[in-house]
Each structure stands twice: as C-alpha cells, then as structure tokens.
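Please go over the structures that come below.
Two complexes follow with chain A in common, the first pairing it with chain B and the second with chain C.
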Partner chain A sequence: MAYRTVIEAGRATVFLDGRISFRSYPDFRAATLSALEDLEVRAIHLDMAGVEFLDSSALGMILHFNQKALAAAKALAITRPAPPIAAILQVVNFGKLVTILP
Partner chain B sequence: MALFKDLVRKQSLPAPLLPPLERIGEEALRPVLGAFLMAQASVLERSARNQGARLERAELLMTEAVLGFGQSLKQLDDLVHREFQLSMELRRVMDVSGQGEQEAQSVGAFASRILGTLDLFVQAMLETGQSSFQLVEETSGIRSRSSSMTEALVELAEVAMRIQMLSLNASIEAAHARQFGAGFAIVAGEVQKLAVRSSRISDQISGLVRETESALERTSAQVELIASKDLNEVIRSKQMADAMVQALETSDRNAQDLVGQMEQVNREVRDALTIAHSALQFEDIVHQLLGSVAAGSEQLARFALRVAALAGEVDLGQRTMADLLAQATLDFEGFGRELDDPEPASESLSQIELF
Partner chain C sequence: MPQPLNLPRADVRPAQTILVVDDDPVTRAIARKFLAQDGYRILEAADGETGLALFKDQAPDLVLTDFSMPGMSGADLTRAIQKYLKEHYDGLAVYVPIVILTSLGQPEILKQALEAGAVEFLMKPFTGPELRTRVHAIAQAAATHAALLVREAEEQDEIVVLKLLLDRLVEPGRASLPEGFLMETLATNRINGDVCAHHAGAPGIHFGLLCDPMGHGLIAGISEIPTMDAFNALAGIDLPLAGILSGINLKLFQLLTRDRFSCVLLFRLDRHTGSLSVLNAGMPDAMVFHRDGNLTRFTSTSIPLGILEDLGSLSVEHRHLEAGDCLFGCSDGLTDLVPEPELVAAFRTGGAAGFPGRLRALLDQRLRDRELADDVSWCLWPYLPDALGQAPPPGPTELTDGSVPSLSLRLRFFPTAQAYDELAPNLAAFLASQGAPGSVTQTMAVVLSEAIMNAVDHGLLGLDSALKTSFETFEAERGTRLGADPQGAVDLLAVVHRAAGGSFSHVWIQVTDPGQGFDWRSQLADRGDPAALFHGRGLTLIRALARDLSFNDAGNVISFSVYPA
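Moving on to the complex of A and B:
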C-alpha cells in the first residue's frame, strides 16, 4: 500500500493506493498519524480512488482508526471509492459506521 | 300443444270435407265418402301410433340423460369440494412455518431473518477486525517493553561481570594482605558468588523474554489469520442470499396468486353447479310436456276411431248422407275445440322461472 497525506485548512486527506490488508497496518498508521496528532485538523478524509483491493482486516483497521479519530474529536470519512470497493462497503453496510462520500 | 296442432295440419284433414250435395248424387257419393273417411282414419291412427312410440323413446332417452347428468354433477361436486380443501391446505402450508401456529412466519419474514443473520455475521466480522487491531497495538506495546527489558538485562549482565572482576581483584588484594586480609577474602568470595548467581538469573530472564517475543510473533500471525478474510466470498454469499430471498418472495407471490385463482375458479364452478342442479328441474317440466303430447296422440287415436266408425256408418247406408255430414261436422268441430283448448300454465316455458 502506498500513501500520501495532505493537510490543508483543517482537513487532512490521506490518499491511499494499491491493496490494503493486515500487513498494511504500519503504513496505514504512519499515513494517519500526522492527521491524528495535528490539533488543527477537524476532519480526516481517506481518499480511496486508488485502492484496488481491501479485505476484512482493512475494514477493521479503518473502524479502529475511526474510534481513535472520534476520541480525538475528528470526523472521519471515506471518499471516492472505486466501484469494486464501493460494492464491498455497500454489502457490509459500512455506511452505517463511517461516512462515505462519492 | 302447438306441435300437436301442426301435426294435425300436416295430416291434411279435410275441411270442408265434401263438395255441395246438389251437384253429386247421394248414392254415387256414399262409397267415395266411405273410402275417403277410412283412408283418413287410417292415416290418423298410424300417425298417432308413430308419435306415441317416438314419445316413449324420447322419454327413455331423457331419463337416461338426466340420470347421467345427475351422476356427473355429483362427481363434479365431490371434485370441487376436494379442490377447495387442497387450496385451503396449500394456503395454510404457505402461511405457516414449521414452528407452530403461535409463531407463524411468512416467506417474507423468513427472508428477512436470513438477511438479518447475514448482516449479523458481517457485523461480527467487522467487530473482530476492529478488535484485532486493538490487540495488534497491545502486542506492539508488549513487544516494545520486552525490548526495553532485553536492554536492561544486557546492562545487568555487564554489571554482574564488573562485580565479578571487582571481587576477583578484592580476592587478590586480600591475598597480598596475608593474615590481615582473611576476612576480606571471604567477603570477596561471597560477592563473586552473588555476581555469578545474578548473571545466571539475568540469562534466565533473557530466555523468558525471548520466549515471550516468540509467542507475540505467533499471536500476531494468528490475529492476522483471524482478521483477514476475503470479502469477495462474503459479497458472493450476500448476493446469493439476496437472489434466493427474491426468488422465494416471487415464488410465494406466484403461489398466492395461483391459490387465489384456484379459489376463484372453485367459486365459479360451485356457482355453475348450483345452476346445473337448478337446470335439473327441467326434467319435471319436460315430463309434463311429454305427457301432454302423449295425451294429444291419444286424442288423435280416438278421433281416428271416430272417423273410422263414421266411415262404417256411411257404408251401412242406414243414415242419410245429410245426417252423416252433420254428424261429421259436429265431430270435426268437437275435435277442433279440443285442439284449441288452452295449454296448462305449468307447460308454458316462457313462464318458467328457474334461477
């Protein structure tokens, strides 16, 4: 998994690429750490336009991160998921747990 | 009775029977009139006999037909009753699950339960994934503390080694002091023993820390195994369940529709049966009509006898032609009045109200 984080005007956008699985956790944590620790950031967007694959552990990873974001009073959202990823999110009703933006 | 009248007309009964008598001599006319009347009587008698035979045959056929029709209606009634019971049974089976009537579940509710169960499974899977990463962070903390412990143990081992060196130096210095250093030599020896013991304990702790780190590695591998599930299989299962539920609901709707149609057909057949049973009332009416026609045939036969008797009197010559003609006129007028008698009210089809 590759990542790039852009923080601008109180919003952190984490661009994720490739395959997200259990072993992506160190990278994921590194990608989101600055957004989580920055006190100016009020919203964190996980941009998934470049994500090709994710398994159940990736969803667990996002939920775990959502918990930490909520604890830090930051709103998490998933943005621009590709159709196969959007299908997965829809099947597991992920929209009830984390905001999903087209 | 109208039929009977038509029949009489077709037999060409003579009216008027004879030309004016002034133009024909009485004696010349007598044999001609006798033969004419006999011929008419024969035609009438034969016609009455034929009609009677046909009527008997018609009544027999009608009785057999009515009997067969009644039996068919009875069988049809039984079949309709059976079909009604089957449709009721089918509706009951469709409306009730195997859990007893108190917990009756429709197919729709059953489908909702399947999808609900699948959703619960997905929810549990997500919760497991989330918990897995909490576990990952916990193990990461333990691993970090283990690493610190290992560093501390390395330092401890170095301290123990220095103590050993110090105790060795102390022993040497005690030897130089001869009898004055005897006590100090004992203390130095004990310190050396403690240092060796400390070093062994440190080694033991290092071994335990390594085992802990190894266990943490195995735990991480297991957590990865638990948390990582290919969601494509879940998606396929969900799609299959959705399709199955949709098929079940469609099938249920179609079956309900068919049962409804069956019940509608059943009702219509029952209505038709009621009408058919009512139609059997025609049997009595037709019997009456046939009886009436038979009575007409008998009238015709009696009139044929009367005409034959008149022909006999003509041949005998005991009565004058004028007298016989007057008698014949009276007989024909009487027969005509019988034909003109109004029909019994019950025989009028237009007045019958069956349904």
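Moving on to the complex of A and C:
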C-alpha cells in the first residue's frame, strides 16, 4: 500500500493506493497519524480511488481508525472507492458505520 | 550401593582381581603366591559369608571358591553372587566367572555347582603352575564372553535408536491414517526393515508405502531412513508415483552399497474420485479385492530400488475403484506364511470387515510352532466414499447447469506473512486466466483471501474470535504467531468449470485447514447488527460474493463457488 497525506483548511485527505490488507497496518497508521494528531483537522477523508484490493482485515483497520477519529472529535469519510471496492463496502454494510462519498 | 564391577565393559580387558574363598589356608596361600606372579590382585576369604561381603565391596573379576565349607557352601555362595548380579546389574554386559574348587568328584556335586551358576571346576589338590594355567584360560574365556556381551548390548542399543528414528519418520503418517485403513507390521526381534507407511496429502489424497529391504539387522533398518525421508518429502508435494519411486531409488543408490536393495510397493488413492495408482518394485502382487468378487493384480514392473541409478521408464497402473473395493498389499514375509490363494479365500469369505481378523488368526496359527523369521507387513485400504466426512468436489453428474470441470488445481500452502498476503490475488489471477471475465478476478481475490485467512487464523495460528475484542491486539497476535514459523499447511482445491459450449462457467474452491474448526454457524447466524461487523466480516464477504457456501461439520473445510457477476 502506498499513501500520501494532504492537510488543508481543517481537512486531511489520505490518498491510499494499491492493496490494503492486514500487512498494511503500519503504513496505514503512519498515513493517518498526522491527521489524527493535528488539532486543526476536523474531517479526515480516506481517498480510495487508487485502491485495488481491500480485505476484511483492512475493513477492521478502518473501523479501528474510525473509533480513534471519533474519540478525537474528527469525522471520517471514505471517498471515491472504485466499483469493486464500493461493492465490498456495501456487502458488509460499511456505510452504516463510516460515511462513504462517491 | 553396589560397587561398579571391574569387569570388561565397553573396553575388554583381562581379569585383574580374583577372589579366593576357602577355609583351607594352604589353598589360599597357593593361590596368593602363584596368581600374584601373574599380576592379579588377590582377595581372600575363609568362609562364604565373608567372601560374599568382599564380592559386593570389591567387585572382583573372577571368583575361586571351595565347594565344602562350614556355613555357606560354595554352591550357596555361587547362587548368592548370581542373585546379587541379577538384582544390581541385570541387563548390563557383566560376566563374573565362578570356579569351584573341590576334592569331591561326585557327579551330584558337580551338577549342584553348575546349576548354581559356576562355570568351571578345579580338582584339589592342584599345583601352583596348574592353577596359573587354568585361571589364565578361564580369564581369557571370560574376556571373550564379556566382549560378546558388550557387543550384544551395543547392538541392542543401536537397534533401539534405529527403531526410534524409524518411528519418528513413520508415526506421523500412521497417526493420520483414515478410519478403516489398516496397515500392520509383525516384526521380528531383530530389525528386518519392513516399513508400512502412510502419508496424507491434500484432502482425500492418501499415499501408501510398503517397503522390504534386503537382509536384516541394522543395515536393513538404516536403509529405511532415506526411503521414508524421500517418501514423506515427495508425497508431500504430490509428485506422481514414478517421481516418488525414482526419488527413493536415487537416494538408496547414492547411499547404499551396490549389494543392497529394497523392494517397494507404492500407491496413491484419491478418496474423492476412487482413483487408484500403484507402482510395484519387487514386492508380491498387490491386489484389489473387488466387491463383486473379481480380483485385480498389480505385479512388479520395476526392479528393486538402489541397484541402478536410473530405473528407466516406470509403469504406473491406474484403476478406478468402486465403493467397497479394497486395496491389499503385503511383504513376502506374509506370503511365506499365508500363500496368496489363502489370502484371497480369506477375503472372499470374510469381506473387508472380516478379513483382518481372519488374516490375524491365520498368522497366529502359522506361528504357533515356529518363530517369526521375517517381518510381516500388510495393508488393507477400503474405498468407502460415503465415509469421507467432508464434501467431495462436485463432479459433472452433480451439476445442474450443464458445466463440466476442465481444470483441477491442488495447492498446499505453508504460510508466511508475505505468502499469506500474495497467494490469493495471484491464484485468483491464474484461475481467471482460464477464460473468466475480469469481474471474477477481483471477487475471487477477495473471497480466496478471506477463506485462506480464516483457515490460517483458526487452523494454524489458533486465533479464535475471543481475541477479536481489540483490532490491535488481534493483529499483533497474528503477526507474532505468523512470525513464529507456524506448523502445518492449508490445502486448496480449485476446480474451473466450463459451460457446455466451452466458455468459462465458474470456479469451485475448497479450503481445508488442519485445525479443530470453529463455530461457523453462530458466525453466520446474525449479521444484522452493524456493531457485529467487527467480527465475521470475512465470512460475510464470502457469503455475499460467492455462491454455494458450505462447511463441514467441524468448520475446518469450507467450499464455495465464484461465478461472474
């Protein structure tokens, strides 16, 4: 998994690329750390336009991150998932826990 | 505490200390004077009781004792010494010759002394030189005898170690022998080297090996180690029988001397399909006892192993078994005792259920009045597809959509963190390359990944749902256990099906782990609560993206199909 984090105007956008699996956790944590710790950031977007693969472990990782974001009073959203990824998110009713934006 | 005996043990040396027990001081003086000239240390006792105490305390190498003494007689002393040796040194290579000194030549006395455990007599009176000569001869004979005892003890130790090594190689396979599959060996006291081995391959695949090396003893047993090693390794990768046999042959050729060889019967049974393959190299005919009474033979088609470097073209015989057919194989140790016509008759009379009992009874009968001269090995593998306990892959007749299997792929997966992550997408890409539309690739990668992850977590790493209270705890634990070189493997069976016109239909996948399974019913039961998404997401994904999801009862075998969207 590759990542790039951009913070501007109180919103952090984490661009994720490639495969997200259980092995991605260290990278994912690094990618989201600055967004989580920045007091100015009120919203965090996980941009998944470049994500090719997402497994159930990655879903758990995002849920875990969502709990941390909520505790820090930040709103998490998943943005621009490609159709196969959107299908996976839909299958597990992920939209009930995290905002998903097209 | 018994004193360590001064006897020859691993190093054989002549007697050094001699105990002389006699109430006659003249006899003791002669012994002291003349035997000391030869460098012996002499211990003296005037009666049996003192002699026994000295024996226990000083552990002499040889005992000379008078027969008629006040109190304990020479025969009594001999018995007491033998009893003491048996109690304290039984099973060890110790030997203390006891010589009776007597002026009484009656046969009854000689008999008593011999029965008590004496080895020799010396008639009184004797001269000093005569005593020296006799003791020298007895000491030499004792040294030779002790050397033999040492050699026997060493050989026994070697046999014990060898049997332990062979057990380690054979036992794992034997322990995984499916219910109803019989493999028995009746071994002689010495090692004759027969080995009856089983190796469980991918689910439903079973390899069998009967091996009878030339000769007996250590060298026969030693040749079994490379045989078993190669068999386990090569069957473990599901190599064709010819490859396994060639591999064993090459090992034996490289390791054994040219005058040594092994006869081998090798077979592979697929319990899903009833497909049997047999390769016989020098063993008695293997047979399939068909349920309808017919018989199929598998005669030897190869020379025994270890003689030539290259076995040339090997003829593997393939048969399709019907339910109730039984494969039977044995070593010549069995056919020497129970000729083949009697074996066939025993099966025809008793059937698969009664045959083992009849065979054992025949063996008991034949061995009633003779000793087992050669190891006896035999196996009986019934083909009972109903007893599989796990779902067989859908064959063409079971499919309702008219599709037929066009490619079957078996994989055995030994997980590492990297392989864990990469297997699913690579396998999905390969399966999809069999003509599947693009949408199948991604779906298949996800469901394969989830099924493999589930199998590894539950079956190999022992991670249960109780650990899923915290994402970080669970992932940390998974990382730790994956990094600790987990033992075991996950087996995958993938079957690509094509529609009647040849186009891609779907892929059927079965994943089996060696664990105890898990409570899949409760995990599948209720997915309505979003909070429950923290658990069971993998199964939810498989259920949503695949079709025909099923588990065996325990939960360590999962199967499903992936169709184009």
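Here, the second predicted complex is superposed on the first by the 102 of 102 C-alpha atoms of A that agree within 3 Å, B and C clash if a C-alpha of one lies under 4 Å from a C-alpha of the other, contacts with A are read in each partner's own complex, and residues count from 1 in each chain.
Simple rule for what comes next: contacts are C-beta pairs under 8 Å (C-beta built on N, C-alpha and C of every residue); 3 or more make two chains touch, one makes a residue touch a chain.
On a predicted model such as this, the values are computed, not experimentally measured, just so you know.
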### Query
Should the pairing of chain B and chain C on chain A count as a clash or a fit in the superposition?
clash
### Query
Taking the superposition as given, does A:I88 touch the first partner, chain B, the second, chain C, both, or neither?
both
### Message
For A:L63, using the defined touch cut-off, is the partner it touches chain B, chain C, both, or neither? Pick first, second, both or neither.
### Response
both
#### Entry: First, second, both or neither for A:V41, with chain B first and chain C second
neither
#### Entry: Partner chain in contact with A:Y25 - chain B first, chain C second, else both or neither
both
#### Entry: Touched partner set for A:L16, first chain B, second chain C, both or neither
neither
### Query
Of the two partner chains, chain B (first) and chain C (second), which one does A:D55 touch, if any: first, second, both, or neither?
both
### Query
Touch check for A:V98: first (chain B), second (chain C), both, or neither?
neither
### Query
Which of the stretches 8-16, 476-484, 494-502 or 512-520 of chain C runs into chain B once the two complexes are superposed on chain A?
476-484
### Task
Overlap the chain B and chain C contact sets on chain A and report the shared residues.
21-23, 25, 54-57, 59-61, 63-64, 87-88, 91-94, 97
### Message
Under the definition above, what is the set of chain A residues touching chain B in their complex?
### Response
21-23, 25, 54-61, 63-64, 67, 87-88, 91-94, 97
### Query
What residues of chain A sit close enough to touch chain C in their complex?
19, 21-23, 25, 52-57, 59-61, 63-64, 84, 87-88, 91-94, 96-97
## Note on the structure
Per the touch rule above, chain B residues touching chain A in the complex are 119, 122-123, 125-126, 128-134, 136, 223-224, 227-231, 234-235, 238-239
### Query
Contact residues on chain C for chain A in the complex?
417-418, 420-421, 425, 439, 442-443, 445-446, 449-450, 453, 471-472, 474-475, 478, 527, 530, 533-534, 537-538, 540-541, 544-545
